[in-house]
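Presented sequentially are two complexes of chain A, the first with chain B as partner and the second with chain C.
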Partner chain A sequence: MKVFELVEELGLKVFSGHKGLDREISGGYVSDLLSDVMGNAQEAQVWITLQVHQNVMAIASLKDLAAVILVSNLEPQENTKQNSDEENIPILGTSLPAFEIAGKIYQAFNR
Partner chain B sequence: MKLTFTIQGGDFTHAGHPSSEVKKVLKQLNIDNKIIKNVVIALYEAEVNVVAHAYSGTVNVEIDENKITILVTDEGPGIPDIDLAMKPGYSTASKSVQEMGFGAGMGLPNIKKNTDEMWLETEVGKGTKVKMLNYFA
Partner chain C sequence: MKQFRTDLHIHTVLSPCGDLEMSPSNIVSLARNRGLDIIGITDHNSTKQCELVWKLGRSSGLTVIPGCEMTSREEVHCLGLFEDFDALRMFQSFLDRHLTLIPNKPLLFGYQLVVDEDENILEEVVNYLGASLDVSIEEIEQKVHELSGIFIPAHIDRPRNSLFSQLGFFPPELKVDSLQISKNSDEVAIRKKFMISDAITLVKFSDAHFSADLGKTYSIFEMEEATFDEIRKALHGADGRKCLIPTPSSL
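Right after this comes the complex of A and B.
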């Protein structure tokens, strides 16, 4: 599944990093602790979080993640969006809390 | 090959820059992807430790045919109890740092887990040195 397919299927908002929308997704990871993501997320996963600052993009880039999904209508900071455009890693958004969006993504993957 | 970077305490904006540069170099050298991942995790954690706890620091990277050695030296408060600092979940990070999602007490344990060898030298009131070594094969 590609990032843009997930965006279409779940009606996600695309804040930035549009050039990365054709990245292939390998799965997902949910965490707001950066060391946890750094240590345990896998390449090409989508990262579901409520963190909106630019260190999120540093980690997404170092870990080669497919996209970042911000939950509960949160919006990325301006410099976070800039980094996302530079790294071509999309930042997506949803009105749903982490539990619900994770459930939907899990379903989409296991259909 | 040698690379040097400086880190400013409190400067979260540039945290990850040395890790990103080292990642690029290792990719160019065609190092095994799994080893690159380990090196990047360990170096990022060491960088964040300096940003979150120290006043300033330097990263010295030495890459030769079969290994990468990284020395992160900081001027900072030092670590009073190394065993406690190595314990997963123990953190002395400030509340504002924790709110950013750092300071989960996983930094030093993550470094240990992702390196082949790790040395830690610290003096309270002066600073800390972390040396990390990863073999390429």
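Right after this comes the complex of A and C.
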């Protein structure tokens, strides 16, 4: 599954990093501790979080993640969006809390 | 140059997790008895107990720096210290504007009390002070510096509520006056693990919530006198001032 397919299927908002929408997704990871994501997220996963800090994109890039999904209507900081455009890793948004969006992505993946 | 035993991270009864023994009078007398020269009062997201500790300190020869331990939106704990009460009041209104409002449950989180010097309760703060502010760590740092304060991320090596646990690595735009490491940590190992430049001073403070912890952990500030400007110089290693972390044998 590619990022744009997930966006279409779940009606996600695309904040930035549009050039990365054709990245292939390998799975998902949910965490709000950036140190944990640095250690444990796997390449090409989508990362579900409520953190909006600039460091989010540096870690997404370090781990070569497919996309970042911000939950509960949170919006990225301006410098976070800039980094997303530079790294071509999309930042997506949803009104749903982490539990629900993770459930939907898990279902989409295991059909 | 003189040496000053300095502990700039101390909680009072105002912090929900602060023990009821941490009254302003008790803190000042214990700090004196245990050989501290300079203390900082840093309750969670509030500055309301600082002025009394400062007053009591002044009459007993203890230098008290008013401050606060803030929780950023990313849930990073960081210290802000201020030179005067005008700056502190402006910072308190910043805290009032940005604290996430959650009613405190004293039986769960602890009491949040403002007391007088005889330990009479003047106010019980109703909103939970352990909640986070709705602003980023950079916005907090900028506010502290705008008010000519000192900004120090707290216990950076802790696995929770620290700069590195919450943000993974040092944020490129953050300007710190030093970094506080936990009491049992090794300075050299921490520098290596988190790739901290030698240009940044590391300090140890107690983060005391209980009276037993007061006086056990401090840094030695080598400077001319116990003033805010000298403290800032020592943190930056300016004009021959410096901060030293005592080795276990010298404690």
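Here is the rule we use: the second predicted complex is superposed on the first by the 111 of 111 C-alpha atoms of A that agree within 3 Å, B and C clash if a C-alpha of one lies under 4 Å from a C-alpha of the other, contacts with A are read in each partner's own complex, and residues count from 1 in each chain.
The rule is short, and it goes like this: a residue touches a chain if its C-beta (ideal position, glycine included) is under 8 Å from a C-beta of that chain, and two chains touch if they have at least 3 such contacts.
Computed from a predicted structure; not experimentally measured.
Enquirer: Under the stated touch criterion, which partner chain does A:103 make contact with: chain B (first), chain C (second), both, or neither?
Expert: In the superposition, A:103 contacts neither chain B nor chain C.
Enquirer: For A:11 in the superposed arrangement: first (chain B), second (chain C), both or neither?
Expert: neither
Enquirer: By the touch definition at the top of the document, which applies to A:35: first (chain B), second (chain C), both, or neither?
Expert: both
Enquirer: Which partner does A:61 reach: the first (chain B), the second (chain C), both, or neither?
Expert: The answer is first: A:61 touches chain B but not chain C.
Enquirer: Tell me which partner A:51 touches in the superposition: chain B (first), chain C (second), both or neither.
Expert: In the superposition, A:51 touches chain B and chain C alike.
Enquirer: Which of the two partners, first being chain B and second being chain C, lies in contact with A:77: first, second, both, or neither?
Expert: Only chain C; A:77 stays clear of chain B.
Enquirer: Following superposition on chain A, which residues of chain A contact chain B and also contact chain C?
Expert: Shared contact residues on chain A: 33-35, 38, 51, 53-55, 58-59, 79.
Enquirer: Under the stated contact criterion, what part of chain B meets chain A in this complex?
Expert: So the residues of chain B in touch with chain A come to 12-13, 15-16, 19-20, 23, 37, 40-41, 44-45, 48, 100-102, 104, 106-107, 110, 113-114.
Enquirer: Mind listing the chain A positions that touch chain B in their complex?
Expert: Of all residues in chain A, those touching chain B are 32-36, 38-39, 43, 49, 51, 53-55, 58-59, 61-63, 79.
Enquirer: Any idea which chain A residues touch chain C in the complex?
Expert: Contacts found on chain A: 33-35, 37-38, 51-55, 58-59, 77, 79.
Enquirer: So in the complex, the part of chain C that touches chain A is made up of which residues?
Expert: Against chain A, the touching part of chain C is residues 73-74, 136-137, 164-169, 171-173.
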